[in-house]
């Protein structure tokens, strides 16, 4: 459990970082909340924060996912957490998994934006940050307090939770 | 990563569950916030919540720690998260560690009460919940985004963080 | 400044009470937050809470506004606060104003939903609750820390604020 | 209801601005939260913020209150809101009231610190900001959604509310 090695957090947006625009009345993106969160949760790990993109995962094209894959390849770190929209998180997981990188990669996100008072965002971030330190090389999804291999999970859209399968 | 087996969360209080009493103006205990937290973070693991005690860990006597040890022994679950005050968390960790239970036990807590807007409580809970699912039998401390064996950590009181050592 | 007489709060929805639906990812209505708010802000006034409707004011028809007018007429209380969407708040204000009820009516709302961490909702509620106790009969808008007669205000949609005019 | 004239907010601390020090585990003062609050509540009034002192009102001596009186005298503004600890708010109100300044002065505060998730601070601030715009010259207390003349109120310490009397 050596913490001297950095963990990279690759930020891609998703519901996690959604922002309420009071002029238009819609949920959109503005800045990422990751720097502020890491500070008040008192995370002492060396963290490299990478603002890769800020996009709703329903709007992702293959190019968006390849951009994430490229970041993972290039990263000096061998342990990477990716914040990602939950809707197509598994799709990105598949692309990363099939690349067989010699790294531990954990995707996480949120069902409720961080900027809401009852959000799962910070809990999920904690889950992801510990998962990436304890798991062997591979690609995983950390949601709902659980950790799944990318190819052993599906999103139950009706219930809004991730399940084994 | 089988989630069908329950995880037990043994609640002992600490700063995590401190409550501001507006009449007296002091921080004290009222109820635990764990049920409400587990609900909005959308944790789908089967969880057994045990309200063991609500105490500031600076006020713990050996009997308080033995009460926690007893809960761990008796528990049907082999994976236990304990919410605990940070001041003497390692002391309780030692008592549990030296009992050599065939269980994975993770202690976590908070430097800032959950009821404050910028609290590390929920992040730490996420860390502890994933740690307990991934670690082998033993006793650990999950704080500051990291996981330490109970006998490889100390609390740096000046900085308010846990460090290897 | 007699507080023995009740104040009626007529709830009509608007951004104030919007709720994030995590399954669909949209802002919608579920329950009103007013009971919970009045409790933790420690408001000791006798308050009659009326859940009149839960609607985005952009979707209001004349019938929705007449429903509010009817509530104001029927109310035993002579001091009424109305929580309302900001987009057509002045329109409802006009209908109430032109009815010349012998009552003090204050409309307020929020630019950011109460359920967000940085919302103006609770501040505006405080403004409205005091305004209705201090103003003579008439219809007013309380937004941005200010109080305007219904016929002396417009919504600056670009800036997202209410101004004299 | 002319808003072109500034309102002065004289900050004196109290529970409103208390801050949880995670190293010592006590509630103390650090910075005032007023600038941040006024921004996200979208208050468009011209406001002069004066950081007069940051003190628990139980620790106030006459000199602390006279310092507030002096600020009120010197102020260019004729409408002043004072954030103050609730314990001796009426005492300061008396000193200001007996000075018979040709100004409208409203004292407000909080029973629960702003930094807690369920605080009355922002609601009370809204109450005070509207009260100061609508009331004639004099000194008032705005708490619990109500407005009292300084000499017609007492703090019911058992219930933690202000009442007529």
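First chain written, first letter: the chains are A, B, C and D, and each begins at residue 1.
The rule we apply is simple: a residue touches a chain if its C-beta (ideal position, glycine included) is under 8 Å from a C-beta of that chain, and two chains touch if they have at least 3 such contacts.
Every value quoted in this text rests on a predicted model; they were computed, and no experiment measured them.
Visitor: Kindly point out which of C-D, A-C or B-D repeats the A-B interface, defined as over half of the contact pairs being the same residue numbers.
Guide: Checking each pair in C-D, A-C or B-D, only one repeats A-B, namely C-D.
Visitor: Relative to chain C, which chain's C-alpha centre is the most remote?
Guide: Following the centroid criterion, the farthest chain would be B.
Visitor: Per the centroid of Cα atoms for each chain, what is the distance between chain B and chain D, given in Å?
Guide: So the centre of chain B lies 39 Å away from the centre of chain D.
Visitor: How far is the middle of chain B from the middle of chain C, if each middle is the mean of its Cα atoms, in Å?
Guide: It comes to 43 Å between the two C-alpha centres.
Visitor: Could you list the positions in chain B whose residues touch two or more of the other chains?
Guide: In chain B, the residues touching two or more other chains are 111-112, 117-118, 160.
Visitor: Under the touch definition given earlier, write down the residues of chain B that touch chain A in their complex.
Guide: 1, 3, 37, 40-45, 111-112, 118-120, 122-127, 129-131, 133-135, 142-149, 160-164
Visitor: Using the touch definition up top, name the residues of chain A that touch chain C in the complex.
Guide: 15, 20, 22-23, 25, 27, 111-113, 115-118, 157-160
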